[in-house]
């Protein structure tokens, strides 16, 4: 199956960002002709490992060896030259250039006078796509390609570079079942051609379907590397989490009250269509589904930051105009968005400004803000959420992920919402904070707040929700009660097929 | 999109879109020339065409350099000042000094290359936005020129006749200046289109982050783009000196806006990644022709600037519209994996 | 929404004001003309010229060869007068930068400011402020409004220049045909008054066959003048003469024509500097042109300023004073001092002049 | 690493703001001590009049740049306002009507910019380069190359005059009032909070209920309105309405704003720094001219200061990181 000597050895690498040690003395080997999974919770250090292999970050300590020789990957160009290709979760293509150029960039076939032989370049791209069994027009620009197609272009890029090591960072997160199958077929052929594959995913069924070996990380440290034949999924989960799951999800039982949020037939072409559901006061409703199934778009449309083509949204019996977050906020809706860095926070502004921004009008006196009331309010709410920071005037970007998320929560809880929408509330935050956030949601629900939660983490969905709504490809496909919802039932609804778990 | 197989190397849809953009300028140009010629047939006389081409030559050389920088998602506002410094340097050098034209060209371009390298280094290593850097060097370079020139002027009769002839003489009916501009255009156009280096410039402008991850030597390329822009501005300074013969410290003041206008009208997106030097040169030709046509049509010359402004707005508005259209159509045929 | 209302209110207020009537151009004109003459005091023709007078020159802009010759003459005169010479000026020919320089000169307590106004009115308030501070103001080259300077050095009478320009044009055109004017800026004081005289001259019966087809403006910018000359020849194929009453314009037009195939078909004339025009006179592009000696203007301005500052004259009509090598001068109406008749330059005499 | 970087960046802007004010004060003191006639009350008046247009246009420009946009058309708006003022005056309209109309015109021109940038979503740099040419061109169309003078002396005298017998110029009132208005809006109102939020991240601001498009639109209107006012004041100061009034002023305004520590990328900046930047540029120019240093030197100084204002903190930062 695999060669006896590893293609790439990672030897005791460490990497810190400021005071935070992201990766501590991690070692593992990648073998040619083998697919190697890297798993761990968010924040376990997987993406730091990927970035070190990609030449984006340089390890503080430890070495990376390629075919027995230590290499210094100090830039992406070095990694590329060393034969390491990285495929990111969000592909990094040049939207203005043609697909063929994207594949050939830096390695374009040359003709006379060292000019680029375009015909040959297009031909090569075409051959790669034929080999991958996909039909993408090499002449079209990369702009407008679906995420799945962009992934395929990235793989074609790796193929054309004859990469010895191909690292795939959660490539399937945004793909449909069929697309995943196609990707796997391609990955297997890559592996069978002798490349060493590193595959990062949260989905165990994919790991067991594709990989031979798995390395598990937790809190920046290596837990173990095992052959997949030697380890069960349960064992993997235990190693990843390293603790009892139950305590993480302190869900209190609540008798739901009146309908707080009522969504009727909202559509937005082509992202989602005909979505209807209610959330009652005191209820936690999870909106589950694969990434890209339209969950975030639905909640953003409810809140008004995204438009919608049809349908109505009512809060406490009042109909909200589409496209006006201000009105939604006035009606008591709060949205803790999916992407903390881009949507949730103003990273360059102070903690104080971030916490009080949605309420700046309410905090003003005769229309003026002198700072005192904002500071007091910011202090009150950050304290209430036990946020750790130096000064309120520090940039929010200086905080750790967990504390940043607390700032976002403080910002919205301060508006005293009746309907709290949280989109991936615990993404990228440490375990301790995770439990705090869950406790908070639970107690809010107990106080009569209607909570709508979008989450990709199945344990979170199952642990926290009173009801689970499942979306697939822009449509609501299932509604499961707490009793009905299991990993299998949710995944089945989300993927439209029997899970292989 | 069901056919799987080797697509024939045909014209890419990307190219078609770009060509359509340049075709738009050509059409506008044709209409303008036609209307003007009908009203005054002498507009198409040999002398008139020669004059328009001569006037375009300088602007086009600048626009080509600017396009290279804009394609990388930067901007170079210092070109007018660099032109002035180069023109004055060359003028001083040649003052009562019969040096060969080729030397003048090299010195002028050299002055520009130094300025361009300064811009590039500040942008790249100083981490200062190009707009700020080149706004600063616009002042500095102009100030240095004034310092040096101190209000003196170099007159045509002080320059060697060989040099002045270069500004007016022709080869088989085409002025040298125009030939030189075409040469610059073709070389830059070919490098941008058919050399790895050129494609990397587009890649950097299209997605700076992806360019870094793709291992493109971003620092070297950024500085290179500014060096090209500076060098061409320097070259344009020599052309300016040869064409007008009278040089003072104010030469080329305010050119930067015309150049940026030509580039934008020529379809180079201000946020990088698309457009071509052909378009930029056509933009320069269109702007110059408008100027001449207004004079011939006896339209108040005051309208010229307003028309240029309206044209810029029209061009970026149209580009936006076309981009949205193309994006929509691409999206529709994008989902084919089934 | 409230802002929209505010705008509406603003507009209504504006309209209401219109209805009530307000300060309009015609209502202020009567006040403006009645500006008081500030030349108080009496002239003492025998007062000695003071030494160490600070005389500052503020031309339209610095980098203009014609200006350089003018102020060069001034420098010589200030030396003879044992004064302190200073030259300041903007790089762009704008009135607003001139104002800043006038303010600076006031601060520096100059005795005399010799200025060529870029805009006759815009520099006025500052010049009057200078005069209030006891500084004498002499204008040259391009006059400021009469109420804000003490004397104006006129290079030649407007009438004389206009006539001589038409005379040269007529000779070169052979008495009939199309002519065009390439002027400086459309609001240049001198050029406009000369053009006015030219129009009157052209209206006379002996010039009936000369047709003025266009007045183009090169803004005293070399390149602009160059392209304007080019435009003229394109638009008027039968053009016989271009008259350019500005040194920048005539040089640019000559250079264009000498290198184009219009050479020999179109004649250029006007006002030019011998050094700049020598080449074109010798290669036959230009047969003749005219000019006074610009160095003398600066020279005369210095002596005028010194005489004013020393109390010899006040700028009133009829006062006499001596201006070094140029001899005696008498102040004309409105404080104008006329330098003398212009010189005509041809291939025969051009080598005798070096400026 | 990234955490510390941002930490120093936070203090860096505060530092620059203090630094620019300190530099300005030092320059003022040194100039008053060493340059003859710099410290006189008369010169103070000239100084204020000279910086007037830059000072007032820089105020709304600061807000525009803090939102991450730019307005290069301000000087052309000034020119068109001046030209229209001259045209209407020639048409024998009363000055009391002309002035409000010119302000209204400025607001409309700003709204046109705002429309292109916020409704059509076009890049503001390209849009305002376009309107820079368009408005200036229209100014020439309206007034040609001619100048209109003889505005009513009562108005022109007010603009160049001082308050009573004090040496304080009347126009300083306008500068101070506008500076207070824009300073309060930027630093002490919900609008100001939204301005910073939009500049830091338009998307995140939208998620917090801010409407970036509307906000920017009105900022462009304010920028146009103030530029229109600057056109009126310019015309009255020189008693000369011309189409080329204020040409090239946009670069000086942008230079002053950036010098004042406002980030061209948006989200950062403070009005006191900008005012210090304006004063610094103006007093340097004035002092150099009084010392008979040519205008050219000022060009070089402006350019170098501009680059240094961004480069300096960057380099200091890098050096600090390197030492660690």
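All chains are identified by letter, namely A, B, C and D, in their written order; residue positions are counted from 1 within each chain.
The criterion applied here is as follows: a contact is a pair of C-beta atoms (placed from the backbone, for glycine too) under 8 Å apart; a residue touches a chain by one contact, two chains touch by 3 or more.
Note that the structure is a prediction, hence the values are computed from the model and not measured.
Chains that touch both subunit C and subunit D: B. Among the other chains, the CA centroid farthest from that of subunit B is the one of A.
Averaged Cα coordinates give subunit B a centre that lies 30 Å from the centre of subunit D. Averaging Cα coordinates per chain places subunit A and subunit D 44 Å apart. Work out the mean CA point of subunit A and of subunit C, and you get 74 Å between them. In subunit C, the residues that touch at least two other chains are 91.
With touch defined as above, residues shared between interfaces to two or more other chains in subunit B number as follows: 146, 249. Chain pairs that touch one another, listed by label: A-B, A-D, B-C, B-D, C-D.
Here subunit C touches subunit D in the complex through residues 3, 7, 10-11, 13-15, 17-18, 21-26, 28-29, 31-32, 86, 88, 90-91, 94-97, 99-101, 103-104, 106-109, 119-122, 124-125, 145, 185-187, 217, 219, going by the rule given at the top. By the touch criterion stated above, subunit D contacts subunit C in their complex at residues 36-37, 40, 42-43, 46, 50, 89-90, 92-97, 100-101, 103-104, 107, 144-147, 149-156, 160, 218, 234, 238-240, 242, 244-247, 286, 289-290, 292, 295-296. Residues 62-65, 68, 91-92, 222-223, 226-228, 230-231, 233-235, 237, 251-252, 255, 259-262, 275-276, 278-279 of subunit C are the ones that touch subunit B when the two sit in their complex.
Across the complex, subunit B is touched by residues 54-56, 75-81, 86, 88, 92-98, 100-101, 105-106, 108, 110, 114-116, 118-119, 122-123, 126-127, 129-130, 133-141, 143-146, 148-149, 152, 178-179, 182 of subunit A. Considering their complex, residues 1-7, 9-15, 190, 194-196, 199-200, 202-203, 205-207, 209-217, 273-274, 326-327, 330-331, 334-338 of subunit B touch subunit A.
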